[in-house]
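Two complexes, one shared chain (subunit A), two partners (subunit B, subunit C).
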Partner chain A sequence: MSLDVVPGVVAVVLVTAVTLAIGTYRQRFSRTTSDFFVASRTVRPGLNASAIGGEYLSGASFLGIAGLLLVFGADMLWYPVGFTAGYLVLLVLVAAPLRRSGAYTLPDFAEARLGSRGVRAACSVLVVAVGWLYLLPQFEGAGLTLAAAVGAPRWVGAVVVGVVVVVGVGSGGMRAITFVQAFQYWLKLTALLVPLAVLIVVWVGEGAPGPVAATDTAQWSLPLAAGGGAGLYATYSLIVATFLGTMGLPHVAVRFYTNPDGGAARRTTLVVLVLLGVFYLLPPAYAFLGRVYGESLAAAGRSDVMVLELPRLVLPGVGGELLTALVTAGAFAAFLSTSSGLAVAVAGVLGQDVTGRLPLLGSRTRLDGVPAFRLGAVIAVTVPLGVSLLVPDLGVARSVGLAFAMAASTFCPLLVLGIWWRGLTAPGAVAGLVAGGLGCGGAIVTTFSPARLSGWAGVLLEQPAAWSVPLAVVVMVGVSLATRDRVPPHAGRFLARLHTPESVRT
Partner chain B sequence: MRTRIRHGVPRRGTDLGSEADRATFRTLHTASLASPALREGLTVASAGRSIKHLRALLGAPAVALTDTSAALGWDGEGEHHAGVCGALAEPVVRHGTTRRGEAALLSCDVLACPVDEVVVAPLVVDERVVGTLQAFTTRTTAGLARATDEVARWVSGQLELAELDASRRRLMEAEVRAMRAQISPHFIYNSLGAIASFVRTDPDRARELLLEFADFTRYSFRRHGDFTTLAEELRSVERYLLLEQARFGDRLQVTLNVAPEVLGVAVPFLCVQPLVENAVRHGLEAAEGVGHIRIVAHDRGTEALIEVEDDGVGEDPERVRRALAGDADLDSVGLGNVDARLRTTFGDDFGLVVETAPGAGTRVLVRVPKFAPGVSA
Partner chain C sequence: MSESRPARPARVRVTGPPRHVRPGTPRPPLDDSSTLGGVYLGSLLREQGRLALRVLGLLLALVGSLPLVFHLLPGLADVQVHGLGLPWLLLGVGVYPLLVVLGWRYVRRAERNERDFADLLDERRG
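Moving on to the complex of A and B:
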């Protein structure tokens, strides 16, 4: 190990240690006097929003977006816009009613709304599918990060993140999970903001040079300059997937349970919008500086690690190494927080609906509670970790885009119709989930398979959201109308509860 | 060393038995399909869901369930006869025995209508006829009469169980109501005495304590809703402890450690407070010196785990076992009641767990799922 990798290693170890330390730190309150605090200890919107931001800003946001912008130009701005705007849709349509439903997970919501175990099972399968799809790029990105920062083989980063997540989640050690995630948000913001400030100072100091390859800059900065109709379709599809997919991400939904009531859920979402809005200003700035200093990275197909490499390229020497270490720390925090959030969500579903039901070998007792959850956590991490080691190079941001498409094609119709339409029935919901899931899932499988289609078929399969979301909605509404007599008897009462503000309740 | 106690629940086996019993199993299975609906009592809804299974049991072309005056449900052909079910039921309700119905009531012009004759059997709950089971056919046989009689007896058994369920539920509700009304007189007396002692020396504290006392009683006497949030419940616990501390001063040490993530969990009303009262009693009133009470709420993914622990005199595990099994003579007031309510709300996996031994303190564990169908604060 050469000397210049030391800052990177130190950064990664520090982030991991601090994460586990905050997580296992038990706040102890010993009071013998009269001031008590339960009321004051509900999670405030600001803290909860930081935690949501910390969990939500994955490696794709941290590294992938800047890389995509560097290579493909202005069209890719829809990624950060969509990742943020998804919370706007969530705020307007879902946040408060979802909290008032009392549901902890998305399958819980389905069961409470439709009173059907079948819908619950379908949702559980989809939570695992979306979770795994989203975990894949996290592991891949972690491998890329460690490879770029300290020159480790690609599998090392993925395995390190996997092990830390299993230990953290499986040991039940994450007691103060909200604080951990909130810390991660501010760490990520700092880790992008500080190096960017330094880089901009350097850039201005050098007389603010423009991009090297000035010829295609016009094309780079112009939306939809290339691609024609297919490009336009892909853009709209991306917009649909990211705007509507956020509400269906399993780790986002469970965080809303921490809000004390529906009003707090709305305020939290509002703060999340601000926090994400601030954060997503940074990757485009990196992409621009990348055009100036890091064109070679794009050419070499290493755009995913551009954010990590840029400080070194701009500032050779110790300063650059330290900044790279800071960015590495932020990137690693991104992988850790998103992965553990997803692992908790997936392990919860597996623990409840799968490992908690398996009879133990040779005995008639079942695993319950914590052991089932731990086994669930191991499975939740191992499967996507294995796949990411076997199938590298899926493209970090693009895989995340597909996870969003999957969530948008399944949970978005379920949530929006479930919250706003009395007529939704259990058969309708299942049919819609199956149609959206199979449609989008099939497209994803063909995209990941070696034999890719070209032309319009390829575009349709690569960005399925624009057709799979409407398909799911139409099927869900159609089958619900056809099975009108199966509308749950409590639907009216349940919707009234979802939409009644806390202030007018008795 | 403390013993860990849980009210035991036998697990069901999955052995299937021999081929020869299959006909019996089919019959039993059909009966079991009808049973959940009937266990809700005799209503149009339960009749609608159970009646096709009852017809399968009887093998008759048509079957009806009635209350004492009219049809609740009909399955099979010839539904145009449903109107006369009340008239058919009337003599059976009066006499309380199985008999053939008046065939004249069943004459009709419909071709190939299989409903010509009928066997009517009474459904009896607590020696009172609450309805009838009517099996229609072209020609009644002794076999059908016997079968109708037996199925009616079985349905009566299910309805009696339904009645039992209902009365058990009413009892439980009454117990909760009693618990709300039954703040211990000692507690009221002691609290007011402690507050009185502050009136001269520290009027501000006395005023605060009185307000806490008012809030505490308002929560405990609350009439509406079976569920509350863990935050509300813990707030009430705090008030209770505050009042006890006014009395015991430094002898009562309290540690509270609550994960904020679980404050929104819906829990049965008054499910933690009785445990804390027990802890104070065992940890302090019965023992000398300083007593420590520890209340912890953990976030365990899909569940919240609440611990109430004291370092007092402890308890004989056998007595706790009996308290959990519902022996009301023991002085662990709320234990059995809280346990029963947690089980009825969340299922048998979520009963109380008590760890205790004489002289070793007591720890009570409550597990609550973050979401359960039908449970909301």
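Moving on to the complex of A and C:
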């Protein structure tokens, strides 16, 4: 280990230590099962919004977007725009009713709305599937970050994140995680903002040189994927996946139950829009500076770590190393917070539906709330960690995009129809979930196989959301209409509860 | 107070009935049965639904139309504003304040709809 990696190592150790310290300090306030799962539903909008921002801004946002912008240009701007606009869609369609439903996880909501164990089981499987699909790139990205920052082998970053998440989530649950994640939003913002300010000062001091035009500028400045009509389809498909997928991400949905009431859920979401908007101003600025100083990284195929390397390239010496250390700390916080949020969501479902139902070895009792949650957390992290170690190079940004497409094709129709349409039935919901899940999931599997299709067929499979979401909606509505006699008797009362303001509740 | 200083004009009460529920007020159940509360609730649901559709429509028209616009008029991508390309200005900067404003207006309207609903119920119940 040479001397110039010391700041990076110190940064990673500090972030990890502070994360665990806040988590275990707050653990003293985390006593009941309700604390564990929903922080006893008492989190104020400002704190909750910081926590949502901290949890939501994953490594893909922190590192990936700037790199994608550098290489592919303006059409990649749709990722941050979609990640933010997804919260506006969530705000107007589901935020307050979801909170008022009084359920904790997406499967809880489905069961309460439709009164069916079958729908619950389908949702549980999908929560775990989407959660794991989203956790994979987190572990992979953590490995890449530590490799770039301190030259560690790729598996080290993934294992460190996995262990910290299991310890943090398992010891403090949701209440502890809320404070950790609020801290991590501000850390991530600082870790991008401070180096950027320094880099811009240096850039202006050098007379504001223009970009080294090595990339194809006509395609680079066009906010559309390449390929004419197919490119237009791919761009719209990404828009559908991100605008509609956000509401269906398990770690996002769980956060809404920690609000005190429906009005607070709305205001929290509004603050989240502000926090995300501020954060996403930064990656394009990095991409712009990357075009000036970092063309060598793009040429070497290392655009994923451009944000980490740029301070060193612009500012050789101790200053650059310190800035790189700060960015490394932010990137590591990004992987930790998103992984923690996903682990809480997946562990919540596993704890309720799997580990909480298993009889204990050699006894007739079953695991109750908190131990079942802890065991669920271990499983939630171990499986994707193992897969990411066995199958490296899945592609960080693409996996995240597919997780959004999967959530948009399954949970989005279920939530929107469940909240706004009385006529939804359990068979309709299951049919729609299966159609969307199999359609989108099947497309995902084909893109990971070595024989990839080209042309329109390839684009349709690589960006399935634009057809798999309408498919799920049509099937869900159609089967519901065909099974009209199965509309749950309490549907009207349940919808009334979702839309009635708390001030007139009996 | 006003009796002691008769020179002042008499106060006119302009406030509505109290908005917040006093604890202990008996309430009929609020569901979709044929009660008046149910009718009000139906109108609240439609009102909130229309509001959501309006906001989503604006989002679609202002942001969702951009790929199509740039597809049909690719020349727009070369327009420079203060040295920044138009797509970067719109999608990298301008879209975020727009999203916040849309969200802010939605929250205000949705809360007003709910207050109107609560007022209606209170009026009916005295």
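Please note the rule applied: the second predicted complex is superposed on the first by the 474 of 506 C-alpha atoms of A that agree within 3 Å, B and C clash if a C-alpha of one lies under 4 Å from a C-alpha of the other, contacts with A are read in each partner's own complex, and residues count from 1 in each chain.
Going forward, a contact is a pair of C-beta atoms (placed from the backbone, for glycine too) under 8 Å apart; a residue touches a chain by one contact, two chains touch by 3 or more.
Keep in mind that this is a model prediction, so the values were computed, not measured.
Student: After superposition on the shared chain, which partner residues are touched by A:Val274: those of subunit B (first), subunit C (second), both, or neither?
Tutor: In the superposed model, A:Val274 contacts subunit C only, not subunit B.
Student: After the superposition on A, what does A:Thr382 contact: first (subunit B), second (subunit C), both or neither?
Tutor: Neither subunit B nor subunit C is touched by A:Thr382.
Student: After the superposition on A, what does A:Ala96 contact: first (subunit B), second (subunit C), both or neither?
Tutor: second
Student: Which partner does A:Ser296 contact after superposing on A: first (subunit B), second (subunit C), both, neither?
Tutor: neither
Student: Using the superposition on chain A described above, determine whether A:Thr178 touches subunit B (first), subunit C (second), both, or neither.
Tutor: In the superposition, A:Thr178 contacts subunit B only.
Student: Have a look at where A:Leu222 lands relative to subunit B and subunit C in the superposition and call it first, second, both or neither.
Tutor: The answer is second: A:Leu222 touches subunit C but not subunit B.
Student: Let me test your reading of the model: by the given contact rule, A:Pro501 touches which partner, first (subunit B), second (subunit C), both or neither?
Tutor: Only subunit C; A:Pro501 stays clear of subunit B.
Student: In the superposed arrangement, what residues of subunit A touch both subunit B and subunit C?
Tutor: 506
Student: In the complex formed with subunit C, which residues of subunit A make contact?
Tutor: Against subunit C, subunit A makes touches at 74, 77-78, 81, 84-85, 87-89, 91-93, 96, 218, 221-224, 231-232, 235-236, 239, 243, 263, 266-267, 269-270, 273-274, 276-278, 280-281, 284, 420, 422, 492-493, 495-496, 499-501, 503-504, 506.
Student: For subunit C, which residues are in contact with subunit A within the complex?
Tutor: Residues 19-21, 27, 29-33, 38, 41, 44-45, 48-49, 51-52, 55-56, 59, 63-64, 66-68, 70-71, 74, 77-78, 85, 87-88, 90-93, 95-97, 99-100, 102-104, 106-107, 110-111, 114-115, 117-118, 121.
Student: Can you list the subunit B residues touching subunit A in their complex?
Tutor: My answer: residues 11, 13-14, 205, 208, 224, 231, 234-235, 238, 241-242, 245, 250, 252-261, 263-264, 266, 298-303, 349, 367, 370-371, 373, 375-377.
Student: So in the complex, the part of subunit A that touches subunit B is made up of which residues?
Tutor: 26-32, 34, 36-39, 41-43, 101-105, 108, 111-112, 115, 172, 175-178, 257-261, 344, 347-348, 351-352, 364-365, 368-370, 373, 497, 506
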